[in-house]
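The same chain A turns up in both complexes below, where it pairs with chain B and then with chain C.
On to the complex of A and B.
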């Protein structure tokens, strides 16, 4: 074995709590280690050049890179090894940033931990065998789940680039929630118009199939070849797609969860979404007194929604303006926790409304008491420290976003994870905000967290662009981490066949041994842990790799 | 930080790449702290963990081993973690004969639960530390 160890400083991220100089000196003494270098940024171009040169000059056959977590820059370093002429699966990534320098403060203990981690990585790498990635064809088609504004934007983008798109929508009509909006911030255009424009453009293209009133019933396969079964209005249909954009959006918060708000019991208590239909139907007096309550269903621990919904402050401001325009002599008071006028131009809009005479009072409303004549509101003004009690003709609840009601079921079907609030989780919050952990499945719009219309369109297009980049290549590499059987050791007990979840293991009646169907194997390694005679192994995670990794972690050095 | 005479336990963890390892990455990114003696080995699925690995880790000097995967029903490999649950239950039953059942723990931690990851492993670590230093004080 000719191993090379490359230890990254990651600027100060690793260096400040791990003695990298000591580590690189220490590993020089380990037998089998030819190169041991510490460098400021291994992922930078000069850093990559160092690795490449070392591999070429020193004929390295194992490369251990101790840096950030393996899911970051994994492909980058694998490609680097490929370019340098070694098998990319001779690479071992050791995480000494997320799992060491960032989670401990003590330099001595951290250095010791990093030493053990790298040592165990080196031990595991010493057993590595060259593996080959299998190239598979990618189906140039995409499934877009959800026909809201982000789903439509994603579908339109993909279709324009020549990808066959299947757009499915649970409701009878496309358009999602934007269709219901009278004025959409910031252009203040009608939501229906925006949706109409998108749908018109999509309908002009002939490579989009739209299914409304449809749900997904089954989903399997891998990137480039996902088999989807849908239920379209009672009819079952099947098709194969290369990738997926999930844009299932949100459900508006239902205030009837909180009975103290008296929503639906009193018609003078409405939500901002109700008001998108117009305010005429409410038959208000000439000089109405209107209260607007912020943060309904947002930033509220008691109902498990501790997040900010981002859109409701602008919605409240929009409502206040609407009322002021319709009834110039009205009295509008807004009860807020914090006004977070997020989008561009939001703060100016907030100020312009203050100038128009909308009163803003800091302090959430504690009690709503509907009487025959009017509605009494009680609460505490947290700036003045006084309790207020005021009368109003209309109470507007500025509702936030909740997750789509079936997002958990969909997440289980597509095998993508949810965050603590129930929104879909991105692969990396900063570096891969559109990807999920599953290759070829992207998230778009407010199914991944509250977003306004502008952001949803951007998110949809960005996800579509990323998916297009992957589909357009026409091929993909499948990770070679699948099981294989050593027929000499196999006793034919068929325990693995019984355990295999993917049904990838078949028994050969003639030879009395099992066989693995490579295309079906998911690479979980369950068979490997089940086999009593160690005849079946998961490539990349052999028993010997993990056993030596354990030894490396615990060895008395 | 701690008393010099106090012995610190060694903890080895097996974390599945789709849930717990992601949670541990997130815990790192959020700069949450946990004891340095806790070290994690990445496995594709918690079902890849052969009980033999747990025994090996204990033989090699680990004071505690945890195996951690996705929540039941959320497994990336559909049902892998159910197999883990059964294997670990059997292993614990075996360890009971040696009063060692406290040395093995099985956790369900999803990719978003960085805080839970920290809580679980810190609690486990503290339990082991108390056990290891039992009777030493006074």
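On to the complex of A and C.
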């Protein structure tokens, strides 16, 4: 073994509580270690150069990098080994930042801990064998879940790039919530028209299959080869897709769960979404007094929705404008906590409505009290510190976005995670905002958090673009950590066969032992843990490796 | 609980949801939002201000940031209690509770006297089979106006063949108001004494006559393993089962006032209404502010024991006026404090206030 140890300072992150210089000197004395270096930023270009040169000049066959958590920069260092001409699976990452330097301030204790962690990593690495990534073919087809504005945008992009698209929608009609909007800010175009345009374009292409009234019932496989089963209006269908765009949207918040608002108990209390049907049906007087309440179903921990829904301030302003247009002599008062007119042009829109005479009162309305004559709103003008009771003819609740009701179930089916609010979680909020943790599954639109129409369209296109990039290669590498059976130890009890979720284990009737179908194995390790005779191991993770790794941690230096 | 409340002060966004629903803010010098803001910055708070709070809990229930403003009030009060900067009447009530285990300082030995008005004998809890305890509020035990309530409820339960027992003079103040006044040490002492009794006699269920006692025993006594109910829950169940039959008509226009500790704090809205609806010929009306947005009568949070300094229109008067405008003859409720506060104003305007059990006694 010719091992190289590279200890990262991570600026001050590691260096300030771990004696990195001592460690690099210490490991120079360990047998088998050819290079031991500490450096400011191992992940930087000069840092990578040092590793590359060491591998090439010293003919290293094991590389131990002690730095941040292995999930960060994992691909980067593996590629570096590949470029330097050594097998990428000779790499061992040791976390001395998250698991060590960030935990405590005691330099002596941290240095000792880091030493043991690195030693244990070195022991593990000593067992490593060269592995080859398996190349698999990728189906140039995609599943788009959800036919709202985001899903339609994603489907259209993929289809135009020549990808076969299966677009499925739970409802009977495509178009999601945008279809219900009378006017979409800022263009003030009709939502139905926007949707119609998208659908017309999609229908002109012959590589899109659209299924409405459809849900997914089964989902298996891996990137490039996902097997999907759908239920289309009672009929089952199966197809294979390379990747997925999840665009399941949101559910409008139902204010009736907040009893003090009296929604659904009085027809003079409506939501912004109700008003998209028009104002005429409300039979308002000629000079109506209208109250608009912001933040209904947003920024409210009592109902588990601590987030800002981002769209409702603009919706409130839009409602005020509608009313002012239809009833020029109306009195419109908007009750807000903060006016967050985020998007470009939002602040100017807010100002234009103030100019039109819409009044804004700061304070979260406490109670809505319907009486025979009118509706009383009780709250505090927090800028004046005065409690008021004001009378109105109509109360409009500017509702926020809740998660789609079945997102938890869908998340389980696709094995993708949700955040604390129930929206689908991106792989990295800044660096991978469209990806999920599962390869080839992307998220788009408001299923990953509140978004307006424009953002949803962009998000859909961006996810489609990223998926296209992966599908268009035509091939993918599968990690080589797959199961391996030692036929001498296998007793043929077949417990692993039951445990395997990928259905990769088959029983050989003749030899009375199990075999692993390498193409199907996901490398999850369930069979390893199940096997009573320790006959199955994951390539690269044999029991003896782990025992040695532990002994490295426990060794008295 | 105190520390928790204090730490949540920092996350307040001053949205005013608390103030708008507060029964005191806007009419008195009290403003719950501003109190939280002052606490956020550790500004000086005038020592008369925290005593307006009636502990109705609307602020804490609705606060979108879970600041628990009503706990902030308790926090401020507890500092005042510790320093002795408290109204004399409050001080008296605390001393009384310490000595006689009731805020009015009536002799503890007379706590069980009400049972003498019954024409049957109520067993001590230790002599019962089901270990169901009828728990009285101090006001039931000593106040001549409210003493009729335990007598009525005991009679009704007895008629329904529902077994229960009492603690008699061993019973002590539940501490609900004491905790809200800010005397947490005394609250814990009272709670321990009650819990020791419950444990000793193997109490399995508690039928609380006052929503205030029910609230603290249900939500603040910790995990006692005892099922705590308000008496309206038990009686509405007995009526549904047919064990109690309100057969006489009660031809009156009545309106039900939701007590804060029963309604908005513990979500018991329907049981009292179910009882009233089971009575023949009764026309039950509703206040415009009912159920979750019921207007507090201002009897809670220690307000039964002293008067605030400022003169202003009482909520009970607002309540009575609305009842009057709706052509109501009788205001009914299921909390002794609400009975006391509402009756004072109702009598002036020629309306009657009857506790729910009083109406039931007339029809069964």
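Going forward, the second predicted complex is superposed on the first by the 487 of 557 C-alpha atoms of A that agree within 3 Å, B and C clash if a C-alpha of one lies under 4 Å from a C-alpha of the other, contacts with A are read in each partner's own complex, and residues count from 1 in each chain.
Following the convention adopted for this analysis, a residue touches a chain if its C-beta (ideal position, glycine included) is under 8 Å from a C-beta of that chain, and two chains touch if they have at least 3 such contacts.
All of these numbers come straight from a predicted model, not from anything done at the bench.
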Exercise for review: Go through the superposed model and pick first if A:276 touches only chain B, second if only chain C, both, or neither.
Suggested key: neither
Exercise for review: Examine A:260 and indicate which partner it touches, taking first as chain B and second as chain C; both and neither are also allowed.
Suggested key: second
Point to revise | Most chain A residues touched (candidates chain B, chain C) | key: B
Exercise for review: Go through the superposed model and pick first if A:363 touches only chain B, second if only chain C, both, or neither.
Suggested key: second
Point to revise | chain B versus chain C as contact partner of A:169, first or second or both or neither | key: neither
Point to revise | chain B versus chain C as contact partner of A:380, first or second or both or neither | key: second
Review point. Thinking of the overlay built on chain A, is A:322 touched by chain B (first), by chain C (second), by both, or by neither?
Key: neither
Review point. Considering the complex alone, what residue numbers of chain A touch chain C?
Key: 259-260, 295, 299-302, 337, 362-367, 369-371, 376, 378-382, 385-388
**Study point:** Residue numbers on chain C that touch chain A, as the complex places them
**Key:** 13-22, 25-27, 31, 33-34, 58, 61-66, 288-289, 291-293
Exercise for review: Would you mind writing out the residues of chain A in touch with chain B in their complex?
Suggested key: 69-71, 95, 97-100, 102-106, 109-110, 112-113, 116-117, 120, 412, 415, 417-420, 425, 429, 437, 481, 499, 501-502, 522-526, 528-530, 538, 541, 543, 546-547, 549-551, 553-556
**Study point:** Complex interface listing, chain B residues touching chain A
**Key:** 1, 10, 12, 18-19, 22, 24-25, 27-29, 31-37, 39-45, 47-53, 56-57, 60-62, 73-74, 76-80, 83, 87, 110-113
